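In the two assemblies presented below, subunit A is common to both, partnered first by subunit B and then by subunit C.
Moving on to the complex of A and B:
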């Protein structure tokens, strides 16, 4: 099994898949597709953790992989989908910048990350590539957060950032202690639920899920 | 004799198009024309008289020959079933792309030459698409070229291994989008009809008839098969012959046929499952594919494989 993972570049494929699903977010306008992109991203992340666990034989990594699959891969996507259906908004209408431009800018972000982390990193082996990709994912998540109007897409951007952070932590330390990971996941779950409820409330109060409308709150 | 492998492309290129049409018809539940129909069409067109508008200049009359000959030249320098051939020295990827560029330039000029609205429209659209596609095709080939250490197609074909790294998969995905755009297939252009206002390739050919039309169509088939062969050479060169032994050539020819069939199947599948995009949505598709090709190059540089 170990040899197979090495021979078919499984870890490389999974990490590039994580980057691709994050990039794909920039090209998607349907909210349900955005949720799907996030789901795929989380599944690939969990698979990556499990295959690294196979390679180095650490038992607590299996646990981390399965827990992150359960929360990020199943519970959060189901909850997000429910919210998307509830607020009855299907599309991200007119994001601040066009899809082609935001794809290009994300590509540039990836290039900048690769170029700036090319030398002087102290980690070696597969972690090196994974670290670069995770930082790219964090930046893309941030970029999605600042270029989208709808509350729900901004939440998804935040979740992508979190996935990137999880991956970065994982590549640097080969898995934090289980209790910390559990704490982070639980925190995030609560965060998503609260943000989801907020999104529904915003929709109910302003008859729109557009966050720009919230500026009318003042005065 | 080995330099004669380009004849394979010239002879079988209409057949490839016929097979795509047949497969597409089957997928859509029609019976469709026979696989040899493109040959009959070409023969019929070659026999017919030509009608040439009297406002056209020499550009219009010389373009069919230039386009056809540049397609043949492209077929000349590409390894089909063996990498050991006389013209392998000339078989450079960049040269190949600019040979296509020459053909495209004259085709766009000929579209403008007759002065009809459709020709001009087709030309302007073709050039817009070309701007997006050319860098994409270059970058995705460069990913393979860097790992081979050469832009020579025969050298690339000889050095690619059996196992694929992520960068190659990304480059292949981008290259296939480029092939679809270059051959005028469905998400980009509709090859079946010249009755649409959105036509690109057909728009430029609208004024041609008879022998000239046959040459242009044939050149298009050859270009399509050259691009398929390029995809096979660069991304799946498994089993391509490196010498001129009969056994090696036979095996290589068999595998070549399988690769062509696989690519034809992909094309037919894409054409039957996608709908044509609006022209102004194209930058989104092609821009996405361009990001893919940039990413493949970056990934190769980062991961070193």
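Moving on to the complex of A and C:
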């Protein structure tokens, strides 16, 4: 089966899938579909980890993959769905710029990453694309945070960034010690819960989950 | 007992004073000030031992491999320890009575003791790290003490103080960074030997930074603006400490950096200091004259005395650069003597002002008057303080100002022409200052204590408690002792002077002071005897010439007006009006006269007069600087839009730029 993974470029396919789900965020207008995009992204990420684990036979990577599947692929999406329903803004992502422009800029970001990391400082062996893709996902996540108005899209952007970071760390070191990965995941979970609560609170206080209203907080 | 043991005993006593103050025992709390009083006595012994040549070695406390708290006592620190202790003892005793009616006594006691400790730490610090930590502790604790009475006025005063003192600290940190960068050494011992190799231009930078940095704390003009705000805002026992010794830590820091570590520089350093001293002393006393608030008056007067001290230091630095070590040592001895004296009499005066406020519940002199009859002891001690600060024999101010004159006038011996011009000019400035200071304290004492009470509150004043009186009495005795026995003081100062200038300073034998053995001598003891004889002779003469008289009591001569009232007295503003007219170019006074008539122009219903003087430096210097700062801040604020998305965009742009150009 190892040859099978190698021959069909499974890892490259999975990482491209991760990039595509991130890019897809630019074109989605409904919050629920954003959550779905994130869920897909997380599943692909976990699958990638598991297949790499299978290839090099590291046992603790299986654990990392399964735990990230459980948190990022199941718990966080469920929680996000709940918040999306609670704050009752099922659609209208309300970006500042049009979808086409935002997609173009994201594309440029990917190109910039590929251009500047062409020489490569890395390559742990299993793919030549994973690091570039992971950094591109980080930047796209940040870009989504910048261009979207709703507090909940900020959270999703942040989660994409975290997935990118996880992938970057993974591609450079073939997985950090389990305890650190566990810690990061737990932080993530807590972060999402807190941000979710904040999003609800912001809506309650400003009668809108629109972050523009928060400029009035400035002294 | 060894000096170290005295030191640790004192430390433990003051520390326990700080800790015990926080324990809620209402009744005993005022008496806890006995602990810092005893502690400062013990520390005074340690300081005296250090002055006599014993090096105080205190084991250092390692914080990390790079930083440690290290303390070391050399003669200069020993001298300042003694100065702090002398005042700390008296103020602690005074505080027993003074703090009785305060709110928040526990917090006060805690801050008081920590403040004392931080000042000792500043003068004993032996490396950059220790010095800066102690210095900042002192600043922060004194900020809390300034804002101790929770009201808007003290909050504003505290803000001014905090801003000014941190500007000073910024310069101090900068100068230490320069020194550390150039020498690579943290502790003062090593820095002293390594400092000789620093390039000239950086030595000048260090000097200028030390003038600004320590000048803010010392309160030289134009960095004096916090003094007249902060000192009146603080409780009086604290203003006594702040004005008496805290501003002296500025002097200490300046001496430590510019004279000790840098080992004095070219002549223009000294000349700058002389000019600063002259300007501070004249303007300080001029502003003091115009004050109606007793504590503000005293605060401005501190500016003046710091100026006098800087005159001595400047002369010392100038003579040193010309190689006149003996003269340099005399000037420095004069400066240090005046440092000690100012601590003693300014502490005394602030405590006196505190007692008056305690009894009459006002700071405004226009509401006082006639207090001498109601508060005879306070009045007497305030008078002693006033006479001392006016530099009249037989009290201590006379000796130190006399020495400063001698040092400045001996500038004729200097080879350089500029020095020959500058130093007598400094002497002239000192002479003017002395005369104006005398006028100022005639006003301060005369308006507050003599005449008739100007308000109801002043009428109901009562003498303060025994401990407050004894606190003032201690300092009054010191004023007298340092005035008639200067030999003891100069003998103790001379190790510190010797360490900085290489000459022993002022010599004394049998109670007679010698300036350079031959030039001039002063015997305060004989002077006192002469004064007493003259006084006795005058009394005797009057008695003999005038024959026996019977004292008769009758109504005052009232110019045909029946029943004199207190409103017919000279007021504080009127007393200094002539000076206001003479110096109107400096004061830039503005007056406002409001007259309302019943029938114009003959029948006047009421006249209101108000006159203010323009605070030159605040108005033209600080306000302008503040406005410029606000404008720049307004520009920078555009970055700070409050929009979360914009902040995130900053991050994204930074990341992309780093990604492209970072590799």
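Simple rule for what comes next: the second predicted complex is superposed on the first by the 209 of 219 C-alpha atoms of A that agree within 3 Å, B and C clash if a C-alpha of one lies under 4 Å from a C-alpha of the other, contacts with A are read in each partner's own complex, and residues count from 1 in each chain.
Here, a residue touches a chain if its C-beta (ideal position, glycine included) is under 8 Å from a C-beta of that chain, and two chains touch if they have at least 3 such contacts.
Note that the structure is predicted; figures quoted are calculated from it, not measured.
Peer 1: For the three-chain model obtained by superposing on subunit A, do subunit B and subunit C clash or fit?
Peer 2: fit
Peer 1: Determine, under the contact definition given at the top, whether A:56 touches first (subunit B), second (subunit C), both, or neither.
Peer 2: In the superposition, A:56 contacts neither subunit B nor subunit C.
Peer 1: Per the contact definition in the header, classify A:27: touching subunit B only (first), subunit C only (second), both, or neither.
Peer 2: first
Peer 1: In the overlay of the two complexes, what angle sits at the CA centre of subunit A between those of subunit B and subunit C, given in steps of 10 degrees?
Peer 2: 140
Peer 1: Touching A:197, do we find subunit B (first), subunit C (second), both, or neither?
Peer 2: Neither partner.
Peer 1: Contact-wise, after the overlay, does A:96 reach subunit B, subunit C, both or neither (first, second, both, neither)?
Peer 2: second
Peer 1: Quick one: is A:116 in contact with subunit B, with subunit C, with both, or with neither? Answer first, second, both or neither.
Peer 2: A:116 contacts subunit C only, not subunit B.
Peer 1: Is A:74 contacted by the first partner subunit B, the second partner subunit C, both or neither?
Peer 2: In the superposed model, A:74 contacts neither subunit B nor subunit C.
Peer 1: Pick one for A:147: touches subunit B only (first), subunit C only (second), both, or neither.
Peer 2: A:147: touches subunit C, not subunit B.
Peer 1: Once both complexes sit on top of each other, what is the least C-alpha distance from subunit B to subunit C, rounded to whole angstrom?
Peer 2: 17
Peer 1: Report, in rising order, the residues of subunit A that make contact with subunit B in one complex and with subunit C in the other.
Peer 2: The overlap between the subunit B and subunit C interfaces on subunit A is empty, containing no residue.
Peer 1: Please give the residue numbers of subunit A that touch subunit B in the complex, ascending.
Peer 2: That would be residues 7-9, 12-13, 15-16, 19-20, 23, 27, 98-100, 103-104, 106-107, 110-111, 114, 118, 129, 132 of subunit A.
Peer 1: Quick check on the complex: what are the subunit A residues that touch subunit C?
Peer 2: These residues of subunit A touch subunit C: 96, 109, 112-113, 116-117, 119, 121, 135, 139, 142-143, 145-147, 154, 211-212, 214-218.
Peer 1: Would you tell me which residues of subunit C are touching subunit A in their complex?
Peer 2: Listed in rising order, the residues are 640-645, 648-649, 651-652, 655-656, 659-660, 663.
Peer 1: Inside the complex, what are the residues of subunit B that reach subunit A?
Peer 2: Spelled out, the residues of subunit B in touch with subunit A are 163-166, 169-170, 283-284, 287-288, 291, 294-295, 298-299, 301-303, 305.
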